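Here it is, the structure, as structure tokens.
Chains here go by letter, A, B, C and D, matching the order in which they are written, and residues are numbered from 1 within each.
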Amino acid sequence: MSKHMTNIITGIAEIAEGIFRMRISSGYISANAKPGQFVNIKCCEGNDALLRRPISICSVDRPGDTYDIVFQKKGGGTGMLAGKKPGDRIDVLGPLGNSFDTGARHRRIAVVGGGIGVFPLLFVLDDSRAIVRRSYLGFRTSKLVVLENEFRFRSSSLEIATDDGSYGTKGFAPDILRRDISVEDFDMIYACGPEPMLRKVSQLAGEHNIECQISLEQRMGCGFGTCLACACKTANGEDGWKYSHVCKDGPVFNSRSIIFD
Amino acid sequence: MDIDMSVDICGIKLKNPVIAASGTFGFGREHAGFIDINKLGGISVKGLTLKPRMGNRPPRVAETPAGMLNSVGLQNPGVHYFIENELPFLRQHTAAVIANIAGNTIDEYCEMTEILSDADIDAIELNVSCPNVREGCIAFGTTPAGITEITQQVKRYAKKPLIVKLTPNVSSIADTAAAAESAGADAVSLINTLLGMAIDVETRRPVLANNTGGLSGPAVKPVAVRMVYEVSRTVKIPVIGMGGIFCGNDAVEFMLAGADAVMVGTANMIYPDACIKVCMGIEQYVRKLGYSRAADITGSLEMN
Amino acid sequence: MDIDMSVDICGIKLKNPVIAASGTFGFGREHAGFIDINKLGGISVKGLTLKPRMGNRPPRVAETPAGMLNSVGLQNPGVHYFIENELPFLRQHTAAVIANIAGNTIDEYCEMTEILSDADIDAIELNVSCPNVREGCIAFGTTPAGITEITQQVKRYAKKPLIVKLTPNVSSIADTAAAAESAGADAVSLINTLLGMAIDVETRRPVLANNTGGLSGPAVKPVAVRMVYEVSRTVKIPVIGMGGIFCGNDAVEFMLAGADAVMVGTANMIYPDACIKVCMGIEQYVRKLGYSRAADITGSLEMN
Amino acid sequence: MSKHMTNIITGIAEIAEGIFRMRISSGYISANAKPGQFVNIKCCEGNDALLRRPISICSVDRPGDTYDIVFQKKGGGTGMLAGKKPGDRIDVLGPLGNSFDTGARHRRIAVVGGGIGVFPLLFVLDDSRAIVRRSYLGFRTSKLVVLENEFRFRSSSLEIATDDGSYGTKGFAPDILRRDISVEDFDMIYACGPEPMLRKVSQLAGEHNIECQISLEQRMGCGFGTCLACACKTANGEDGWKYSHVCKDGPVFNSRSIIFD
């Protein structure tokens, strides 16, 4: 169950250009959050960022009663978040949404992330009990590469791609996945990132008949299912479709159920 | 001293004057996870149509200065599904249930009214002011003649109090309110959203897939308060005011201006406990003034 | 590469598309203490009347969420004083001068137009949309018929380009814009302020002594952008867009939606250099897109 | 001439319940400000306090290149100001408005302030070269009494009144002035405070034919004369009146020129 809380920030650091990691104190969230879930944050008290901003939970420290989020400073809301200091309070709804299935039956997993989509995947690796865990992360350019060590520690292997080749392999994470997918015999792929990436990963998974869970983004009004803003097209019966909602039915969907336009 | 917070809106007894506005509270289930929805005066449910509706393409929401645009487009499971699957849940609670309805044709409005008149709801709110659907709906709401026609027709089928929800996108909302009153409306509610557009200068496209959307939130409050004032001077039937109410004092502005009850919309999406806070704020205000009933402040604005 | 920022609005050559909006820039003297007013495309002066006007009782301004209400009520020294004492100062500068006029009767509008046609100004802006005065003015602006009548009459006396300034307090601004166009307007400007009210819950009175006022500022931007889009699709004459423009990207929204030029109002009161910043922002945007002329972005919005 | 500047806050302290003294660094304002002038402050970056807030200059430290303001936390704008920290920047227009005439010919002065109106009067005393300087300050209650020592140091005498009698004399500052006015032979009265107080002081000054300058408040749009929001009624010819503007023609007016409604 999600709650409406005031949480205290215990730490904040800029870990790459314009990308911030924030540690937030909350026994409730650290105890209850599951990988893939998010919090919805009121970034200021007034009306300047009126709506809450959804940010994935990147990791939890259960003994320490804290959770971490990582976010890119994009516009007004994340800009205000980036200006917060340890000790500041933030108004949070969470944990929200469904979660990645990290059940023990998944022994050989691939984790594919792009840009700000890599953050929730760290939590997947923390929770997964897979033996083979290959991570494929894509970034626009070397300056935006983040959490490399964190992913490395938790993975059997880590491949990094940058669009401009300034770090790791030049190209896109799904292309590296494509290379490995026929030999690795994955039983689950977890993916989060921009839509074109998710589309490619879903396609690859489909071709190789591998189960694949993807986490979607959509502009949100409420984040808890009441306003119906965050619609996404999902399969409905034979050839049909309907609108599901990212904040409540998602953000994690079986890749087969998503209809990319 | 206990403040009597109850208000009577055309025969519907509300335990307090705070009603969740349509489209921002779903059918109450999500908010029930955060608050005790028994504490609300009423709930106006997500706009219902005769058949289930998909709604518009996403993105359906855009933030604007102190406001937001939405173009949800009346996504809903249809009136029958509502009665069978959502109403029973709402009826386990004590908040009045207002069925907000929208249609493509007058016949559809009439049919829904007939169906809902036999359901266990407290009132019907005629949404003739949704700017997000192509056919019908707001088309009926922008002229006094349109309001008269639809209200008269629907009224013939209504065995429940009929609230007509007015659009602010008109030259004179007093005229449309007066039309609703003479055509038999039991109350009016206002304002629905102002039609607006936000453009993403990077993509050079409107932010909303539907291009335009309805503006709500604090930004519209001064327009809404003015309209509630104009309407409450014009009609004798009860007036339900809304538009940007986030706290008790916001609600008090509407009540002073003449609202018998208020609806809280956008605030519910940001603060799940918004309705409860608004209600506490009204109570505090009434107590401070030394009144015993919330209804006493309605219309007590003094003009300069 | 140099960007050609100039725009041509019905024969008035502006060095850039940024014009100070009427009522927020006086006659330029105060801003000249802060900025080089030669850098502006134009200045629409404080609304002029035939005779000097006192304006309304104070308080004349109220802050609202992301906006403000004003009820200045056209305080001004009259058209004759303007021509003798203010225009010469403005004429020492290179910004185009637009005379914004308001009257109680059509005759007054005509008389002022006749007088100003012989003065050294660049255009006349017909304010038929001021919500803050009791007689005339907005009365002409709320119906297509009213707009047609006044525009036709005034046009007979106009030896300068005639801009009709439209009110947003109407059911269809496309209709009033079309009426202005067919009646001979050379351009339209929009939006004037939305009628609103703010209440002081402590005193239980409206904050403004005039009770209601005109809403401006960021809060109204989505409504204004939508209206500019509707109008620019409807008329062929140039469209000047305004409503909540504070930065270059705000102005770009209006231009993409179809505005040939923009006016900056409320922002001038808060940031004396607002017009200059807006202009620089537009230039930067045009450069980034690789265009050579600011006018190239006008109307280039792609709909979803 | 007034300028549009970014100033740095060098100090802030709560000197009475909800009343803050802020020191701001600006060589330009400290060098050019005159008593009675004000600054117009953008209290936040966004739209939450959209309009600037006018605050009087309370004192200047010319060698130190700073000026002080004192303000009461009232609503959103002053609330944001109260939350500022040393080192924070604020966006300021100033110095604005006309000023009190503290010319050397005024030898025997009375200074009458009420509530937040007392703050600009400190600057008057700093600038005045009068020999007899009697200060009369009124506050609602003892908790709101501020700057007592500052006024005492700069005055020949200081009388404090509180509405509820919780400190000093019970009553209103003009009533104490009334007691002294017939014996003191003042040649100038400076007054700032709520309108009823100003009305009383103006009346007293008129009765005793003493010159009197009063500083007015009005809701402002711009603060520099362009929007015409801040109107106040002033005498105009025989029995006539016109609207003057507090931010430009004032805030200081000769008491005889003001028409109280």
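As a working rule, a residue touches a chain if its C-beta (ideal position, glycine included) is under 8 Å from a C-beta of that chain, and two chains touch if they have at least 3 such contacts.
Fair warning: this is a prediction, and the values are worked out from it, not measured in the lab.
The chains that touch subunit A as well as subunit C are B, D. In this assembly, the chain whose C-alpha centre lies farthest from subunit B is D. Between the CA-based centres of subunit C and subunit D the separation comes to 36 Å, rounded to the whole angstrom.
Subunit A and subunit D have CA centres that are 55 Å apart.
With centres set at the average Cα position, the gap from subunit B to subunit C is 34 Å. The multi-chain contact residues of subunit C, meaning those touching 2 or more other chains, are 57, 62, 65-67, 217-219.
Counting partner chains per residue, subunit A has residues 47-48 touching two or more of them.
Against subunit C, the residues of subunit D that register as touching in their complex are 1-4, 42, 47-52, 93, 218-222, 224-232, 242-243, 248.
On the subunit D side of its complex with subunit A, the touching residues are 44, 46-48, 76. Residues of subunit B that touch subunit C in their complex: 57, 62, 64-67, 69, 142-143, 169-171, 194-199, 201, 204-206, 208-212, 215, 217-223, 225-226, 229, 244, 249, 252-253, 256-257, 285, 300-304.
Interface of subunit B with subunit A (complex): residues 23-26, 29-31, 33-34, 46, 54-55, 57-63, 65-68, 70, 72, 75, 207, 217-219, 266, 268-273.
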